[in-house]
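Alright, structures below, take your time with them.
Both complexes shown next keep subunit A, but they swap its partner, so subunit B is in the first and subunit C is in the second.
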Partner chain A sequence: MIDEHKLRRPDPVYRAASLVVNNQKRAKLQKQDLYAFMEQLAVAALDVNDVDTCDRTIDVLRETFPSSSRVKRLEGMSLEAKGRVDDAVAVYGKVLEEFPSDQRAMKRRVAALASAGRDKEAIEALAKYLDTFMADTRAWERLAGMYQERGAYRQAVFCWEEVVAAEPSVHYHHRRLAECLYTLGTEEDLRAARKYYAAAVDMSNASDVRALYGLALTDNRLTRKGKVKGNPDQPVDGDGQVPVTELGQHAAGLLRKMYAAGEKIGASKPGLCAIVEGQLKTLLDA
Partner chain B sequence: MSTLRLDSDIRNWVLIPITVAMFFVGIVRHNIGKLMHRDRKVDLKALREAQAVIRAERLRNNSGYLQSAGFRMRKHFFCAPETGVFNQAAKKANPQAQMLSDPTMMTSMLTKNLNFIVPNMLTAGWVNFFFTGFVVGKVPFPLTQRFRGMLQRGIELQSLDVTYISSLSWYFLNFFGLRGVFNLCLGENTLDDTQAMQQQMAMGMNTEKAFASVKENLDMLDHEFVLYVAERRAERLLRRLVSGAAVGEARAFANAEF
Partner chain C sequence: MKYTLSDRAYCKLILHALKHPLRSVCGALVGRCDGDVVQVIDAIPYLHTTVATAPNAEIALEQSCAYAGSGGNALVGYYHANERMDDDRMSKHAAKIADCVERNGGAPGGSACALLVDASALAEATERGTGRAAVRLLVKKGAGWERASDQGDLRVGGGANAKLAALARDGRAKAVFDFDDHLDDITADWRNLALNEELD
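Entry: the complex of A and B
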């Protein structure tokens, strides 16, 4: 059931799966299901740091399916858990030689490299994976995250654009793209960031607080840039549609309201509202 | 015409044996198929092209959300005259010709077909040989005369009611009906006879045509970054929300301008 919902809850899975696997007769399992459960048990065992159970399960599985790529993947994961990342990467490499189109092995390899801190190799491996499987949205997200960690924001923007093009109605993709653009900081990027923040706000009916903050900050920066250019009264806006400061002011106003309301019903800590007010005031007066 | 009375021996010695025989043949076929099954080597290039088509379609549909720079980069990636993804594939041979020339694919196709065709033909021949010339059963619903040729093969009576069928039609009924029984007995991965037949009839994706159409669409797309509407809508939404309106009202106000 947990598998169906694609959740990751190692503790209950571990307990349930060990019960089931150890008392096979009582559980009245079919043969095929048994092996699927053993696979789940192995992964859950790794999650709760019980590498021995995992190894034992893998041995049983290996006897039944000696040349299966799934079992080899589990072996690789067990090696990763023991910290032997090079061996794990070698195992995945062998799997890929035999089954060159095994998506999961490719992704596991990237994860192993990333967890070992070998970022550059991980990014290369993931980029190569995406060269073939270019419709995999989650992989693009992960690559964007990796680029962001290393500060390569231009590339991260490209990846986020892929994600937005794939799932345009999900508001936090727009927000994350906007955050990258805002970090880049040139005027063009700031204007684009503003649009994406606005899209996030629009799609989430203003419930995305990070997007609201983003709007306020972007507008603030744009105003300051406008002032530096020597145009104190006319905040610059390329499209001429919405004057620059208005969006930011409205966003700040809404934020203030939200924090006040949260304080009233006791959802947020008491001092928070004052801090937020102070912050927003400096933002908008500058 | 009064109903014919059929000997109950027919039921014992014809209907049930045919069903039982087909059932066992199916099981044997399934196990042999499992033994001879080999993992098909999936072509990475073919995968890449399929995914490229998906990505390009998504790009075309949602291009309004991307900035011009982003769109131009991707358009170049896909449609550039020499290096673009869609132009590279055009040089590749037609998949059908490829299928015939690729030896491993051919052998796997052959084995699959053999495994499917031979037992079926044998069983049909056996049924035809042993059980022709007499009426086996009666179909419970009325049929038109057109079905006579199909349902009464081997029975030479022109005036016999079409609802009386011959054993070959019973064979065909079993052929389609035992699929469900196999699913129950042998688990999910049983050979799907009808699916295999459908696969043979519909050839795989013809990459050339798909590429040509997607490329043309992408080429002709006049890109516009339309996200500025979001700014307008967000501004209206926020204005209303700040002044204390409920979310639904503010949403309606924001959408109302367009």
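Entry: the complex of A and C
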């Protein structure tokens, strides 16, 4: 189930896979399933810092599949866990020589470079990977994050746009694009951020709290920019009709309802409503 | 300037880092100034996902500042744990948030501090409860944050690591909620009121 949902939960996987692999007769597994579980065990073992179990499992797998790229990838991961990142990158390089379109080896190489702090190389490698495999949305997300870490927000926006284009009905993609635009902070970016925050609120049925706050924050920024420019009037939206703070006010209303409901049913301890109210007032002069 | 770190603040920030071992985490330090000693009495965990973008940090700063003020305290510092074990720098984004705390918080000019979790001391501190405190003190020098030349300026309680190890063993890292958790589900309380009682 963990595998199905692509989660990373090393502790339960490690325990369960150990049990299954060490009690093969009782588990009554097919050979195919057994090897898949061994692979999961090897990876989980690395996450819980049991490199010995990982290496022993790899040895067994290597005997059965001597020229497998999957096994070689596990060897690379074991080297990474031991801190031998250059050796790991070399292993992935060899796999790619033999299997030039092995996507997982490419991505492992990026991960190894990133974990060694070789960020620039990791970004280059991931960008090159996406030149070929541009439908890999998770890879676009990762690249966006890496650009953000380096402060390259414009490039990150490009990546988030790819993510939004690939999965347009997922609210938090819109929201994360908005967060990146907000961070850039020019008036044009803030107006764009506002649209994406609004889309996120719409798609999530107003349950995306970050997007609701985001609308209030964005409207505050736009208002301040308007005042700095010396506009005596309230800054307005694109078509010149709607005052800029309308969305922010609406979002604030929804937030207030949410927090009040939380306190009312006792799920939240008292005090938060007042703090949130304080922030919303400051942001929207409400 | 000298800094004292309460058990509550120390344990909470380390548990926050332990809860998210694969990511960088950050938060603010709450306390008050008493002459030339800054007493850090609490930590408010901020983020474990979006440290590099602005809006969520802004929400966290504003609300934690109000909360600290309501208790007669102020934001006196910032803490950060890097994603990678061997990374002992303050990243640009971490420095930005720390600067914000320093400018708008309650520590008088130049006395806000930053704590960077020291991964090399974590194992001993959290597994055996011994060894030095798993944090390094940084102070503002010019435009940047640098390691304080005298780490002895940071006083951590003698029994803090033992307490930390016991909490880590009992899996209490799971009980730390930060702003990111709160923004995912507003019933997750970043004030960690229940946990505070355990940590004191």
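One rule holds for everything that comes next: the second predicted complex is superposed on the first by the 276 of 286 C-alpha atoms of A that agree within 3 Å, B and C clash if a C-alpha of one lies under 4 Å from a C-alpha of the other, contacts with A are read in each partner's own complex, and residues count from 1 in each chain.
Here, a residue touches a chain if its C-beta (ideal position, glycine included) is under 8 Å from a C-beta of that chain, and two chains touch if they have at least 3 such contacts.
Here the structure is a predicted model, which means the values were calculated and not measured.
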Overlay on subunit A: subunit C relative to subunit B, clash or fit: fit
Subunit B or subunit C, by number of subunit A residues touched: B
Partner chain in contact with A:209 - subunit B first, subunit C second, else both or neither: second
Vertex subunit A angle, Cα centres of subunit C and subunit B, expressed to the nearest 10 degrees: 160
First (subunit B), second (subunit C), both or neither touched by A:148: second
Contacts of A:262 with subunit B and subunit C, given as first, second, both or neither: second
Which superposed partner A:253 touches (first subunit B, second subunit C, both, neither): first
First, second, both or neither for A:192, with subunit B first and subunit C second: first
First (subunit B), second (subunit C), both or neither touched by A:64: neither
Touched partner set for A:132, first subunit B, second subunit C, both or neither: first
Nearest Cα pair across subunit B and subunit C, whole Å: 18
Contact set on subunit C toward subunit A in their complex: 22, 50, 52-56, 58-59, 62-63, 66-67, 70, 84, 86-87, 91-93, 182-184, 186-187, 189, 191, 193
Subunit A residues touching subunit C - in the complex, by the definition given at the top: 8, 115, 117, 145, 148-149, 151, 176, 179-180, 182-183, 185, 209-210, 213-214, 217, 258-259, 262, 267-269, 271-272, 275-276, 278-279, 282
Residues of subunit A touching subunit B in the complex: 30, 32, 99-101, 131-136, 157-158, 161-162, 164-166, 168, 174, 192, 194-199, 201-202, 205-206, 215, 239, 241-242, 246-247, 250-251, 253-254, 257
For the subunit B and subunit A complex, residues of the former touching the latter: 39, 42-44, 47-48, 51-52, 54-55, 58-59, 62-63, 65-67, 70, 73, 187, 225, 227-228, 230-235, 237-239, 241-242, 247, 250-251, 254
